[in-house]
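Please find the structures below.
Look at the two complexes coming up: chain A is in both, with chain B in one and chain C in the other.
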Partner chain A sequence: MRYESQRVAMPYFIFALILFAGQIVFGLVLGLQYVVGDFLFPEIPFNVARMVHTNLLIVWLLFGFMGATYYLVPEEAQTELYSPLLAWILFWVFAVAGTLTILGYLFVDYATLADVTMNKLLPTMGREFLEQPTITKIGIAIVAVGFLFNILMTALKGRKTVVNIVLITGLVGLAALWLFSFYNPSNLTLDKYFWWFVVHLWVEGVWELIMGAILAYVLIKITGVDREVIEKWLYVIIAMALISGIIGTGHHFFWIGPPEYWLWLGSVFSAIEPLPFFMMVLFAFNMINRRRRNHPNKAAMLWAMGTAVMAFLGAGVWGFLHTLAPVNYYTHGSQITAAHGHMAFYGAYVMIVLTIISYAMPIMRGRPYGNSNTAQVLEMWGFWLMTISMVFITLFLTGAGILQVWLQRIPESGQALSFMATQDHISLFYWMRFVAGCFFLSGLAVYFGSFFIKGQASPSEEVRGPATEDA
Partner chain B sequence: MSTPSAETKTRHLPGDIAVWMFIFAELAVFGILFIGFTVARSLDPATFHAGREVLHPWIGLLNTAALITASYLVATAVHQLRHGQRRCHLRLWLAVAISSIYTIGKLWEYGNLYGLGYNLGTDTFFMFYFFLTFFHFMHVVLGQIILVVLAVKVGRGDYDGSDMNGMESGASYWHMVDLVWLVLFPMVYVLA
Partner chain C sequence: MAERFTKSMARNIYLGGSAFFVLLFLALTFDTQSRAMPERDNRDQITEQVVRGKHVWEENNCIGCHTLMGEGAYFAPELANVFDRRGAGDSAVFKSFMNAWMNAMPTNVPGRRQMPQFNLTDQEIEDLAEFLEWTSKIDDNNWPPNIEG
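Right after this comes the complex of A and B.
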């Protein structure tokens, strides 16, 4: 860590990890509710638990992205952060607003929450993933503006690097697209149409820029490969991500009412969406093979490779499985979608945040060469437990999804089972998914445990080639 | 047995490997669209035949000639720069000018068809026609911007032929755009 102000990333990372734990706990609650329908009813009904599970995910990833940005932008720009104070203020504003919103979901019924937060004045509530009260949405917008101001002022006064430019472009896009969460047309087709401008263009558009930039930064640091080489790859990856991802939004427009041509455009362009993720795999492994230093922080390198592979599998392969219109006609909104959602979010965005945490956290804690060997081994156990559990969660949900499509969607209308009758037939998969989820939680516990082991890696483990001053 | 001259004359990829990754990805997109077009046509030949009747093949042919001529100029400009001839930037400017025949011709076609009431939502043929050609049109415009950048760089002396990476990368991209049109034109205007 070269600049003292980078340390402001620490509270963001810690809070992100706390929310991550909350998300997993609610994931298990949901997993159980799938098979034991009245578990925790009426205290925490399924719809509330689901809202908490998904909203926690989004908020903790945003905390993670902000922490990553505060850490890497000053170092890339080679200057102190413009205002660490502003970063601290925004941290508390966002943390308090986020916590109050989650508590609101849990302890107040949703209609009352809408009333007390004066949703009537500007109705934006009630849409999946965008359930936040309007006032929280405004808060997020204000935090985003303050955050971008701080980051832009930092980046503009220092060295301009491709990593910073791509990261900031992604963040500006993230903030700009958030504005569509305030647009809530009464026509259901228009409503869904613009809803995807937030949901899809975030995760299959601008977030990929953020992911690419963070991955490139970590690879520069741990491999010592020339910045120019890494930047070139980054350009190609983000160009492909945008070319495929923007028109790829069409794969959500198949059955909601927009013109028929989206069947073609959505299918073709989303079929290309795995490419940027595949390039990220090539990118990460190529750079690591060509590394000019053996960074003692092996755990960070494992996360970097893991995120590339898992993002390709989860977002790329599992996305492609059901993205073509003739396939999606049968699979739309089935458990196959849930399988894809779990592995894609984990592989692409959870793991990239854990990658930068794995790299930056030891440095901020005064361990420039990484954690002690014991801590790293434990962290890697956490990595494998969580990642393998997620693979199984995905496989079980895929199995459930295939059976669901088979029983509920493919037969002629008279013979097809109803939604609820189908659920009974696939409950075995849900039980297995729940067990895999418990293993995921144990992996998370092991991962957290690694933070409490003292000591640091020795500089003698560092093997550096020539010309790696920048790394 | 290889001779020394054969060894020194190793085959090299013109331009940057990253640009080639990009070119292959672009060709994959167009390739899938072409396959989609062919499949859709085989499912509904009547619609595609009727749609084709409305197009302007002569303008398409003129556009083809413009793009091929521009490609010739770019290829010879690369050759000239390799021999250190800086005046090749004139050829690049000329390539931009001639390829503008394509952009103007295409815009006229869009205006004409739109005026007659055809658009992306008319039927499957016009969905493909408008989308495929407009997607390609955007690539031509990007290619022209790249050619302008190359011409300016050569004109200013930034490129003097000692390092051909930038010039070859830009030219490769331009030829890709041209190649796509050479498939697109007969497929949409003639064979549909």
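Right after this comes the complex of A and C.
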């Protein structure tokens, strides 16, 4: 860590991980409610638990992105952060607002929450992932503006690297697109159309810039490969992400009102969407093969490779599985969607945040070469337990989805099973998904455990010079 | 990557490509919104009641369990076509169904998925029914494939 102010990333990472744990606990509640329908009813109905599960995910990923930004922007710009104090203030504002919102979901009836937060004045609540009270949405916008100001002032006074430019472009896009969360027309088709400007253009647009920039930064650090090479890759990857992803929004416009040409546009462009993720796999493995140093933090390298592979599988392959309009006609809004959502979010965004945490956290804790071998081994156990569990969660949900489509969607009206009857038929898959979820939680516990092991990697493990003859 | 392919070429593909597709997306959005959607979303049928019904839908977080046009949670049935499924396409039948259904919740059958009691007024239930009826008439390229949603 070359600049003292990078340390402000620490509270962001720690709080992100705490929220991550909360997200998983509520994920298990939901998983159980799928098979034991009245579990925790009426104290925590499904909709409340789901809101907590998805909102915690979004908020902790935002904390992770902010922590990553505070850590890497000063180092890339070769200057101290413009205002560590502002970063601390915004941390507390966001942490308190986020916590209050979650507690509001849990302890106040949603209609009452809408009432006391005066949703009537500017109705924005009650839409998937955008359930936050309007006041929280305004708070998020204010935090984003303060954060961007701090980061821009830092980046502008220092060295302008491609990693910084791409990361900041992604963050500005994230903040700008958030404004669509305030647009909630009474015409449902318009509401849905512009809702995707937040949801799709975040996760299949600007977030990919953030992910690419963080991955590039970590690869520069742990492989020692020339920055020029890495930056060229980064440009090509984000070019493909935006070229495919922007019109790829069309795959959400198939069945919500927009005209038929979106069936073609959405299908064709989203068929290209796996490409940037595939290139990330090539990128990560190529850079690691051509490494000029053997960084002793092997866990960080594992996360970097893991995020590329899992993002490709989850966002790329599982996305493509159901993205062509004739397929999506049957799979839209089924458990196939849930399967894709789980692996895509885990692979692309959870794992990229855990990658930067794995790299940066030991350095901030005074262990420049990484954690001790024991801690790294434990962290890697956490990696494999969580990742393999997520693979199984995805496979079981895919199985559930295929059977659901077969029983409920494909037969003619009259022959098809009803939604609830279908759910009964696929409950075995839900049970298996729940078991896989329990393994995920155990992986998370092991991962957390790795933070409590003392000691650090020795610099002597660092082998400088070409790792392979042709590098 | 080959040396002939330089970083500035990569950057230009990124800048040019994303600028082009952003503009194309905006143009398509303009066409969709100004030309196509008014023909397809029966917006002239959006009454005061439909608007109020949408607020009832939102303020009770219905999307947290149900899907509407395939979007939402996958815990409870699709509701964009519930007007056809439960009301047989008849407003009066659908309203009386909605009233009976909303007031019967939760069923409290042990082990079954439970829908909360939202304590809606008769007026709110009627507004919600109007909203769902309007939604069922949007031209959505014939989704879902059958009546079960």
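Just so we're on the same page, the second predicted complex is superposed on the first by the 465 of 471 C-alpha atoms of A that agree within 3 Å, B and C clash if a C-alpha of one lies under 4 Å from a C-alpha of the other, contacts with A are read in each partner's own complex, and residues count from 1 in each chain.
The rule we apply is simple: a contact is a pair of C-beta atoms (placed from the backbone, for glycine too) under 8 Å apart; a residue touches a chain by one contact, two chains touch by 3 or more.
Note that this is a predicted model, so its numbers are computed, not measured.
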item: In the superposition, chain B vs chain C on chain A residues touched; value: C
item: Partner chain(s) touched by A:L85 [first = chain B, second = chain C, both, neither]; value: neither
item: Touched partner set for A:L275, first chain B, second chain C, both or neither; value: first
item: Contacts of A:K232 with chain B and chain C, given as first, second, both or neither; value: both
item: First, second, both or neither for A:S413, with chain B first and chain C second; value: second
item: Chain B versus chain C as contact partner of A:L265, first or second or both or neither; value: both
item: Touched partner set for A:L156, first chain B, second chain C, both or neither; value: neither
item: Which superposed partner A:F254 touches (first chain B, second chain C, both, neither); value: second
item: Chain B versus chain C as contact partner of A:M118, first or second or both or neither; value: neither
item: First, second, both or neither for A:C438, with chain B first and chain C second; value: neither
item: Overlap of chain C and chain B interfaces on chain A (superposed complexes); value: 232-233, 235-236, 239, 243, 259-261, 265
item: Residue numbers on chain B that touch chain A, as the complex places them; value: 16, 18, 21-22, 25-26, 28-29, 32-33, 36, 40, 120-121, 124, 127-128, 131
item: Complex interface listing, chain C residues touching chain A; value: 1, 5-7, 10-11, 13-14, 17-18, 21-22, 24-25, 28-29, 32-33, 36-37, 40-41, 43, 46, 50-51, 54-55, 57-65, 67-78, 106, 108-114, 116, 118, 131, 134-135, 138-141, 143-149
item: Footprint of chain B on chain A - complex, ascending; value: 232-233, 235-236, 239-240, 243-244, 259-261, 264-265, 267-269, 271-272, 275, 279
item: Complex contacts: residues of chain A adjacent to chain C; value: 33-34, 36-38, 41-42, 45-48, 50-51, 110-111, 114-115, 119, 123, 125-128, 131, 162, 184, 186-190, 192-193, 228-229, 231-233, 235-236, 238-239, 242-243, 246-247, 249-250, 253-263, 265, 329-330, 332-335, 337-338, 408-414, 416-420, 422-423
